[in-house]
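For reference, chains read A, B, C and D in written order, and residue numbers begin at 1 within each chain.
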Amino acid sequence: MRYEAPRRLEDAVSLLAGQDGAHVLAGGTDLLVKLRSEMIEPEMIVDIKRIEGMREIAAEDGGWRIGAAVSGAEMGEHAGLVADWPGVVEAAGLIGSTQIQGRATLAGNLCNASPAADSVPAMVAAGARVRIAGPNGMRDLDVIDVPQKPGKTALERGEFIASVWLPARGERSGDCYLRFIPRTEMDIAVVGCGISLSLDAGDRVTAARVSLGAVGPKVMLVEEAAEAITRRVLDEAALSDLAAACSAAATPIDDKRGTIDFRRHVAGVLARRAAVIAAKRAKGETA
Amino acid sequence: MSQLHVTTKINGDETEFLCEAEDTLLDVLRDRLGLTGTKEGCGTGDCGACSVAVDGRLVCSCLMLGAEAEGRDIATIEGMATGDQLHPLQQKFIEMAALQCGICTPGILVAAQSLLERNPDPSEEEVRYWLAGNLCRCTGYDKIIRAVMETAADMRRAS
Amino acid sequence: MVEVLLWGSLADQAEGARKVEVEAATLRELLDGLGEKFPGLRPELERGVSVSIDGRVYNDSWFQPIAEDSEVVLLKRLKGG
Amino acid sequence: MALDDTKKTREFKVVGTRPDRPDGIDKVTGRARFGADMVAPGMLTGRILRSPHAHARIVRIDTSKAEALSGVKAVVTRADFGEVPEDVADVLDNCMAGDKALYDGHAVAAVAASSPAVARKALKLIEVEYEVLPHVTDVDAAIKPDAPVLHEGRQQETVPEGLSQNVIARSEFGHGDIEAGLKQADRVVGRTYRTAATHQGYIEPHACLATMGSDGRADLWVCTQGHYMVRNTCAAILGMEQGQLRVTASEIGGGFGGKTVVFLEPVALMLAKKAGRPVKMVMSRSEVLRATGPTSSTSIDVKIGMTKDGRITAGFAELRYQGGAYPGSPVDMGAMSGFAPYDLENVKTVGWDVVANRPKAAAYRAPGAPMAAFAIESAIDEAAKGFGLDPLEVRLMNGADEGTKASYGPTYPAIGLKATLEAAKSHPHWSAPLGENQGRGVACGFWFNFGGDTCVSLNITPDGTVTVSEGNPDIGGSRASMTMMAAEELGIPYDQVRTIIADTGSLGQNEVTDGSRVTFAVGLATIKAAEAAKTEMCRRAAMVWGIDEEAVEWEDGAARPAGPNAGKFPPMTLKEIAAIASNTGGPIAGHHEVNAEGAGVSFATHMVDVELDRDTGSTKILRYTVFQDAGKAVHPSYVEGQFQGGAVQGIGWALNEEYIYGDDGILQNAGFLDYRIPVASDLPMIDTVILEIPNPGHPYGVRGVGETSIVPPLAAIANAVSEAAGVRMTQLPMSPPRVLAGLQGKASA
């Protein structure tokens, strides 16, 4: 196996394009687990951390462009990001342990293409987009379209994610990510839920995006759930419609971490709780 | 298969080593540099026994390639004391019996040091969540958490 | 003569009696005596047993004395973890 | 023999204090050397090829390609091992499969190579032809007559006709008449309880470094709870004389009973023998979970008859334990210990030892007892609360005391069960208010504690400092306790003594560090060794003073003339006597070898508050208090550490830990991600109350404490969760899906 640490984007692209079995290394917290367990036997590892810009967080069009090698811990220490997208930051800050968060990245979490990835529902709810570098130059893609099925992404040969862009956060809007795990830390999400919403002066929901993780082959955007609360105040009735819509949309499986009934039920519970927190944040109250 | 030549700094000392591309930093520390204070408990980032600090950031050395150490500044348990002067955390852990078998102790000490560098006055909950990635099976964590909080208090008084 | 209490399922191998009598002044004499008097007990004795004498458990001390009025209870071999 | 002249009423100067442990600095600086930290010149890496099937006949193993790979220095299969004595036959078969692979992960071959990478490649080149057989992993399924059979002809005479060959043995304990007892009851609680298999969860994987010369002499460096056991077992398996094999114990990174057996060691020695070079073997975490010694999964029926006022008229339990692929589950100890805290007129327990296609069970801290206590203490709690009675009062009313006939047979000497219950009743925790969705649970627990072969050698150095050599690996701070007892007995300061763990070449046979025996038995031998040294030092003083030996006694660290015609001599301190040792006959030492018997039992009561999240079924531990009898706490911090560690292993067992096998018989969670042991943020502080009811069998009254602390938590937490949920939880782990199902009224989960 070869290890390469190119300094320029173009070199990374040509390395990746020119070699079968080449894998991208950013944080490495998923890649190295697969490497050591021989689930993958890469011919080459391309470490993108020395490429200019990969480790920057920059303001752009009112939102934030986050380099693909920025770790969850670094995001948590960036005041602007935390203020605008607390949901996305807390999602990245929940992955694994303090040690894992010191390395794990949004792009890595996304490209591992696990249905239970913690940061993905939050990014989907936020309407995030990724900038992909490849042999034919750069292209942008919505985060929701990156994973296709467990372990498979939409990236072509030679392509890798260079950065993630979070749009501007509208007025009176807030986001939140919650997950259910049996312990208080360290587990893979049994269910994950990201919600981003905006409120009008009367606290009625003007826009909402609701996303669920670990309840289907890939992270899903639940239109019906957003519909259930749009143009309504988040009272008990709206919240239970939201919960019902999420439980209905969920298509979970039974596995060692949870049962179908449990995941369906908890999807509704988390959606309800996440909406309440997102609304508080939208109103500027600390949640 | 040619090995990689890596130049880095470990516990303040300029260090060079050769390693395979697939060797992890943990493999390098233990098998090539003889620094066996950093332990392997799982090899998958789930136990924290391999915790080190890289450029001041707490990470699992089993989930980092040795090659990535090029030009980095690495701190391991062996560098925590200065000469025969133990770090206050090391001293407190002994005094308060905050270890039994001791296999998790190096990882926990490195992690706790990293916490106190960022947060000189952590609450019990903050200590518990920061150390959630360092598994211990002997102590039930009680004396470890107390030792970290008392050390923080001592260091605040001393500073 | 010493009275020995056997555990429930062992009684089936000693003609159904929970309490048996054996001529013994030491642990070794006790175990040998039981084996001779009740051949059915031999498989279990060979697998190894513990013996409680007056509330304290002995595994191997052949020459541990046993008084006539000692409380002697046969136990499955006790091992720890 | 245990000394009967009890010294318990004396004033202790060192015992009972909290000095720093002697091995502390090495452990906090990373210098301490554990199993995987040793290297040797010319060392090879050993790795094991493991069966991917739960049950399969091994038709053929072709190692030729592996042997041909450059860098491979030795390949081992079962064919390399000869016939072995009957008592280690199962141990060998478990270390290296014979004609059948009996569980997912069972070792079938091994290689030693010049590097880890070559070793990994070599394993892939070994071709094994398997004839896959049907398998069974559940204990109740394994009993059915039509279940796949693992062994022929291993069924003991105690098993009635017509049951599957997988049922190995039946045992029955107790006294009185159950049926009569049940009739006297105003109410009978009868339920079936099930617990999942759990692993000891030590953070250090098994590791060893083996060297064997062509002269048949060998050395082994290994992390183990008993290097003398390793020596004897490996010698038997390899057909060596025990004296030819010297085993050195490394620091051990946790064991809890899981390192009281051998897995890698015979294979490493065989590889080293064939390769003619040292071989190091280190297990991965997945190998530790798939192929070492988890404890049994169980299925237990309990019936408790109770009168309105809380008296238990009958206690019955039928316990089915699967002990993995070989006979020897800890069901008997579960059946004997379950009702041990109680004074019962009618009690009966029946234990079934069953085999299944799972790794061979090893001991896990009070082996067999936690599961039995979970079932029995849950039923007692349900019966008491059924009559609206206070669960502590009911346990006090039925509690065992001095003179009680124990459920497993003997009459108790002085014991501390009621003292722990009284302490619990008067503790502020018992009367603290509870909030919504919160519940409080209590449970009692017991463990036998053991003695066993023990050797200690104590030497006085020329400058008068003291070294103690013991043969029991120190997991929880026992070097500190031995140092304290030696210092106490010699009347010198703690820091004048240093205790080390000696290899098998330096001391006689020592029993494994288990059975909470070390502080009891090694402590006893340390005290006797110190006494022997004192006797010799008094003799030397008598020589110098020209008086009779009998007229000299040892007091406060010095020899002093005593008795009417002893004469007036200034006391000679230990250091003064040591300085002239070579002038008065030679170096001074004391040693003691004994099979320490008569260990005292240890009782505990645990109390826990939980809070349920009714929407998700998850359980939060709010408060936890342990009340346990230690006889005499030599080093209170480490006694507290045993209480806290046992309680938290119990919390993991009760809420989250389980072996999950798929229908294909393959372990699905062979890693710390999905085998979920408690993390720091899951827990509150664990409060402890140490009670001291002296054990007559030990000079200082010491009782073993290490194991009892894991017995009550499963039941205490189940009782708390059941109260908070309003439905009786009968299956462990009480995972959120199970608790949620219980809350949603889908029968008792």
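Here is the rule we use: contacts are C-beta pairs under 8 Å (C-beta built on N, C-alpha and C of every residue); 3 or more make two chains touch, one makes a residue touch a chain.
Composition by chain, UniProt nomenclature: B = Carbon monoxide dehydrogenase small chain.
Note that the coordinates shown come from a computational prediction; the quantities given were computed from them, not determined experimentally.
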Per Cα centroids, the chain farthest from chain B: C
Pair joined by more contacting C-beta pairs (A-D or A-B): A-B
Centre distance in Å when chain B and chain C are each reduced to the mean of their C-alpha atoms: 55
Whole-Å separation of chain centres (CA-atom averages), chain A against chain D: 44
Whole-Å separation of chain centres (CA-atom averages), chain A against chain B: 29
CA centroid of chain A to CA centroid of chain C, Å: 68
Residues of chain D touching at least two other chains: 256, 673, 678-679, 681
Multi-chain contact residues (two or more partners), chain B: 20, 22, 43-44, 46, 129, 131-134
Chain D partner contacts - residues on chain B that touch it in the complex: 20, 22, 30-31, 34-44, 46-47, 49, 76-78, 80-81, 86, 90, 93-97, 99-106, 109, 124-125, 127-129, 131-146
Residue ranges of chain C in contact with chain D within the complex: 5, 7-9, 12-13, 18, 43-44, 52, 54-61, 64, 71, 73-76, 78-81
Sites on chain D touched by chain A in the complex: 120, 286, 615-618, 655-656, 660, 668-669, 673-674, 676, 678-679, 681-682, 735-737, 740
Residues of chain A that touch chain B when the two form their complex: 1-3, 5, 25, 28-29, 32-33, 35-37, 45, 47, 49, 71, 73, 96-100, 102-103, 184-186
Of chain D, residues touching chain B in the complex: 18, 20-21, 23-25, 27-34, 36-37, 39, 117, 200-205, 251-256, 282, 284-285, 475-477, 635, 637-638, 640-641, 644-649, 671-673, 677-681, 683, 685-686
